[in-house]
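The structure's right below; bear with me while I get my questions together.
In order of appearance the chains are A, B, C, D and E, and numbering begins at 1 in each one.
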Amino acid sequence: MRRIGVFICWCGTNIAATVDIETVIKEAREMPGVVYAGDNKYMCSETGQTQIKGTIVQQKLDRVVIASCSPRMHELTFRKTAAAAGLNPYLVEIANVREHCSWVHKDKDAATVKAVALIRTAVAKAALDTGLEPQEFVVTRRALVIGGGIAGIQAALDIAEAGYAVDLVERTPSIGGRMAQLDKTFPTLDCSACILTPKMVDAAAHPNINLLTYSEVEEVEGYVGNFEVTIRQKARSVDAAKCTGCGLCFEKCPSKVKSEFDEGLALRKAIYVPFPQAVPNIPVIDRDHCRWFSKKKCGVCKKVCPASAVDFEQSDVLIKQKYGAIVVATGFDLIGFEIFGEFGYGKHPDIITSMEFERLVNASGPGGGKLLKPSNQQPPKNVVFVHCVGSRDKSRGKPYCSKICCMYTAKHAVLLKEKHPEAQAYVFYIDVRTAGKDFEEFHRRAVEEYAAVYLRGLVGKVFPSGDKLLVNGVDTLSNQAVEIEADLVVLAAALTPRHDAEGLARMLGIGSDAHNFFVEAHPKLRPVESHTAGLFLAGTCQGPRDIPETVAQAGAAAAKAIALLNKETLLSDPCVSAVDESLCTGCLACLKVCPYKAISDKPLTEKVHGRQRRRLVAEVNKALCQGCGACSAACRPGAMNLLGFSNEQLLAEVDAICL
Amino acid sequence: MQELAEISGEKINDCYQCGKCTAACPVNPFMDILPHQVLRLLQLGQVEQVLQSKTIWVCATCFTCAGRCPRDVDLSVVMEALRAILLRQRGGSRLKGEDMPCLIRKGMPEQGIVSGFRKYTK
Amino acid sequence: MRYSYYPGCTLKTQAGASLERPALQAARALGIDLVEQEEWQCCGAVFPLATDEIAPFLAAVRSLATARDRGEKLVTLCAACHHVLKRTNHLLQVGSETRDKTNNYLQLEQPYTGEGQVIHYLELLRDELGFDRVAQKVTHPLAGRRIAPYYGCLLLRPAKIMAFDNAEDPRVMEDLLLSLGAEPVDYPYRTECCGVYLSVNNEEIAGSMVRKIVHAALKQGAEAMVNACPLCHYNLLNLQEKTPGGEPLLPVYYFTELLVTALGLPEEVGDKTR
Amino acid sequence: MKEIMQKMRAEAARVLSSGEVDLVLGWEKGDLWWQSYPVFIENEKKAELLTWDLFCVPNLAKYLLEEIWHKKRVALFFKGCDALGFNQLMQDKRVDREKAFIFAVPCSGLVDPQKVERAGLHQGLLRVERLGDELTFVYKDREKKTAAPWFYYDKCLTCRYPNPVVFDFMLGEPVPVNPRERFTAVKELEGQNVDARFQYWQRQFSRCIRCFACRNVCPACSCRECIFDLTSPRWLGKATELSENQFYHITRAFHMAGRCVDCGECARVCPVQIPLTSLNRKLIKDIDELYGPYDAGVDPQKVPPLVTFNPGDPAAFLESKGV
Amino acid sequence: MSVAAKTQDFEPLIVAFCCNWCSYAGADLAGTGRMSYPANIRVIRVPCSSRVSPNFILRAFQRGADGVVVAGCHPGDCHYVSGNYHARRRFSMLRRFLEFVGIEAERLEVHWISASEGSRFAQVMQDITDKIRVLGPNRKLRDSR
């Protein structure tokens, strides 16, 4: 007969407030197999755990049921407690009477009845638990970082410093990411390139870091400690070994293309290096716009190249590599403007995005950083900055605040005044959010020293009128409608994840929220881990954040990856499927539904009535199996059973829960 | 307030005073209290002060504010509800039958006369 | 191509007749068969925003239902009628307590749930016929005439329901003018409200709005304006500053008038009132 | 049909005598006019017992489950539906293709004894013969001719694969294929309202005595031990109570989803005449509608629909009215 | 034997199979958000919606459940890559089949609820409770002994 102990937690008043603990204890004692039912104000506290350990030994319990919060919170804690008392950790079941009961029901009687039912279900399941032993498997001591922005670079550097090999994959021809496009950074006005390029050079020079630029991840398989990733390194059409980076080729190249790096404000050649400080400083041929690849004419770059490094025959290289940990740092895009017609973006060259402003004010940007009006190359007099374009907008844009626009707009106002002392900045805002070190002070400098006029209220409409822009706004503090004749309108656009973030999330098997930001394991307690073990998140791919936070997160993600790679072996989750070979007919329906290809067929020879008989049965590779249970549902005779969620257990739970 | 929500069906507390409606409103120079202030006063429950204002009669129901509000609050419907409360309960027709002849000028389309009456009389 | 035509009261009086006659003439010339509904009633000029009354749009539902029974699209010429009919149609499509109240009040043989389709005369030209076909029929192109289109609010907003054109940056009248050989002029405030019924008892407000719009159009070199709403037409024409000789600074045409002149149709003297 | 019978006997004798096979599975005439039972023949002299007439309906494929593993090779005769059943067994890896020597017998339909009884023609009937598509009922002193399709099994009238899809040796000429619409009964039931359907099926299920004949005859039911015989976990009680019968029939039908070859054997052998074919065909119809036409048993390599997926699948559970 | 008697104090019992990575986490979020939904809902945790086989659902109805919900991750977001795709096919077929044998299809609902959709979880559970309360007790599949 089972000797089951039921421990009911008050959780302070979280459970006790709407669940009558006495009734629950009394009911629990009557349940089949239960020999002990007790409670504690805080079951997960030291005293609570000591009470469990003591009772296990004293009552010689062989199963434990904890009625407390969600198993996603403390299942591990209580398993460790049971193990400490000598009980196999997988003989512990949790009844979720807090999140699923006391917190969501107000009527005490109904909540108590439900709590008893949930406990009865857990007891029924615990009675059929079997002791399980986790398996060990080897960890590949190599990390992969996806995305070569500041987050990716920082994570790669930290992991490499810890002595592990890192592959840094970047889709564009050079690492640097969004930060390379910026001119100055708030709040210290350091020049963005000055603080970024040293890290880029370190990353390129570091013996443990292998830069894979102009490359994309195509396929990810496997699981924590044993990821198998296919990376497509697109052909650069330039031999990296021979190229000296002299730049003759992209001087002579005839075909001009809009430069993505300069947000389309300037032109680059078909063979190009995105920006002067690019790392690696090796040009790439954009085959869609190169006349050689489209019409087999030209080939000037090949002719003028002194090191004859140009090689049109280069083809993509598919790299297959095993990794122990993956850090995702794919960065952000700005929101599309088609749905915000009232700002007239695209109708007038002087209506630009904040990123375009960064390029205009940057020395290596179009116009050499003189910040001139794109329409007539004149210095702007009145410049209007508009906050929250697409952010905090429930109807057409994104409901969230993009966090960094208030600060970089203040920075823009300062930069504007430095470039054109006589210019006047108008900033339309709802709230100025300066929650960071020296942020408020920096904002006040923009207002006090650089005389930026802050108008509280959003812009109604921007009317292009000749070469001027009529901006209809409002100042709700002085309650006046305001119309400004502006030379330049800068839109602080909402941050969104990369356009293909959802596809990457699906490929990696990590969650993405309604806006396609990647979902962290726990917003407060596990911000840099994803739900999938071994996959870590860093930077704006997980939500809007500024550079200091991104770097901090990159370091944290690297630390998690290093902790994982430090382990020789990892313990696998023992809740995997097991085959009852006497029932299995070898139909292999399980093999067809298994997403991890963990099932294979195994010939079996057995003696039947004195004769040898050979037949096929299914076999589970315990290391590959992730315990989803699709096979046990697809197995008609029930030969395939998922340990921890077996047919017997689930059936017992259904029977118990319906009583 | 409850009556206002009933007629308009709008959730006034959604508004976070960004002022976009005032910026977009073509007739805001002629208003004593601006559109975003109307919502602010309603949020604070000061319905009387709004009902006394000139604003609700100057509003041309051109839906510009509704189209651009980031919180999906349809201010044009709120304005109509305010007028409805005044016209229905307080009998304050803004346009009397007898002063019509001098207002109607030659060639004014029926659309103007009918919509004018619909907005200003019980 | 046969369509049910819903004229609305404004176009039936002598002020509106000068706008409707050219429309019918042009339709015949372009091979469009506009059949006026026998028993239409006034649409009420404004869409009732208060959600608790159904009386104002019952007339609209009747017209929509008859068009649906005949399986034809309902064409409107006046912006207000289009606005009210389109929003009523949408309200009944969305389905709500209001729809049930309306249907059980009207007791139509087949309850109306928004299956019909309401299109404006301009949409008829753009989508059904196509401006290229219109251009082929143009005999007297309005060559060199710099005309500023004016949209106002009723046709465009609320954007999701009206779905007439891009509410912030419409193109339909520019394309019409191009097909008629004229040169459209871009200017600010072309989608700003003209004051609508304010001109009834708040003339100085409507006047200032009209003056702002006309002044902006003049500044961008417009020689004339064209619009598609009888009330805007009246307001723009009568409330803008006049030249000493009493002539409006900027002549304002209804789009059907330009259409007729471009197609070279004779100035028809039709029956004044129905 | 006579020449085919002669060929059967000759071939059986040949393969037995040549030692190619250890065993021949065929049909043997019983005492009464409608009895043609499976027969196991191990030496060529017994080949004369083999018969081929209008009542050889039992499917021989399922006997291979036990017989085949310790025999060198087994020869057997397949009609169209039997071949489909064999393919399904092969897809479930329960039989070994090399060990089966298959003679194919194109079949243009077999006679349903119950239809003969219902027509009252069974009194004193000795045997039934077919010429073209006309039947001759032979009695002691008289004969009666009728049109054949009148007395065929329903499943034969809607048969879509009368020519066997898998064989080593073809015994006759392929027959024309013109199946009737097979979903009429299903559509008729779907037309009723949900309570009327419940009434209908409640009457059917309440007659079930859970003799499991339908399971034992079905070529797609090839588990070594059926979950309904297990005690742990105890899926099904032993009482023939309505909810247990419903549980059995819904689960059995669901195990057949995407695997049932529509051979109609389950409905034929059911002692209480439950229209199991309607259940199976409802699932076949839904699969065809939702995931594209799929005929089980035609190609054993093709992946059955319920163990695969396509990201763009429709979510039929969101429909307000399921059927 | 149509279900006519709708007693006022009939409180339906609804069993919800929730997948551990998405809908169970959504239920937790509904808890942390202190949202409320009827106590008729009782959740069974399964690793993935593909773990739920039709037998468990029939067993729940047999043992007296009036409604069953299977909740999983949105297609494409499944933690086990393709689990919910198989579940989607299986339950599309099951719901139509139950309808065919005369069981009201409304008694079985399948929803995709992600870990961040706490309010949606509460709303789904509230809606099905209201629907089943109107539909009445499950007499057709229940084991009458």
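We adopt the following convention: contacts are C-beta pairs under 8 Å (C-beta built on N, C-alpha and C of every residue); 3 or more make two chains touch, one makes a residue touch a chain.
Just so we're clear, the structure is a prediction, and the values are computed from it rather than from any experiment.
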TODO: Would you pick out the chains that touch chain B and also touch chain E?
DONE: A
Task: Pair joined by the larger number of C-beta contacts - A-D, A-C - done: A-D
TODO: Tell me which chain's centre, taken as the mean of its C-alpha atoms, is farthest from chain A.
DONE: D
Task: Chain of greatest Cα-centre distance to chain C - done: D
Task: chain B-chain D separation of Cα centroids, rounded to whole Å - done: 76
Open item on the list: Centroid of chain A to centroid of chain E, CA atoms only: how many Å?
Closed with: 30
Task: Cα-centroid distance, chain C relative to chain E, in whole angstrom - done: 52
TODO: Report the inter-chain centroid distance for chain C and chain D in whole angstrom, where each centroid is the mean of the CA atoms.
DONE: 70
Task: Residues of chain A whose C-beta touches two or more other chains - done: 342, 461, 593, 634, 651
Open item on the list: If I count partner chains per residue in chain B, which residues reach a count of at least 2?
Closed with: 29, 64
Task: Per-residue overlap in chain C, given as positions that touch at least 2 other chains - done: 167
Open item on the list: With touch defined as at the top, which chains are paired up in contact here?
Closed with: A-B, A-C, A-D, A-E, B-C, D-E
TODO: In the complex, go through chain B and note every residue touching chain A.
DONE: 14, 16-25, 28-29, 34, 36-37, 64, 68-72
Open item on the list: Quick check: in the complex, which residue numbers of chain A touch chain C?
Closed with: 341-342, 344, 347, 461, 463-466, 470
TODO: Give every residue of chain E touching chain A within the complex, in rising order.
DONE: 13, 15, 20-22, 24-25, 27-28, 30-32, 34-39, 42-48, 50-53, 55-56, 59-60, 63-65, 73, 76-77, 79-83, 86, 90, 114-116, 122
Open item on the list: Which stretch or stretches of chain C touch chain A in the complex?
Closed with: 166-169, 186-189, 216, 219-220
Open item on the list: With touch defined as at the start, can you tell me which chain A residues reach chain B in the complex?
Closed with: 342, 388, 392-397, 430, 456-461, 472-476, 479, 481-482
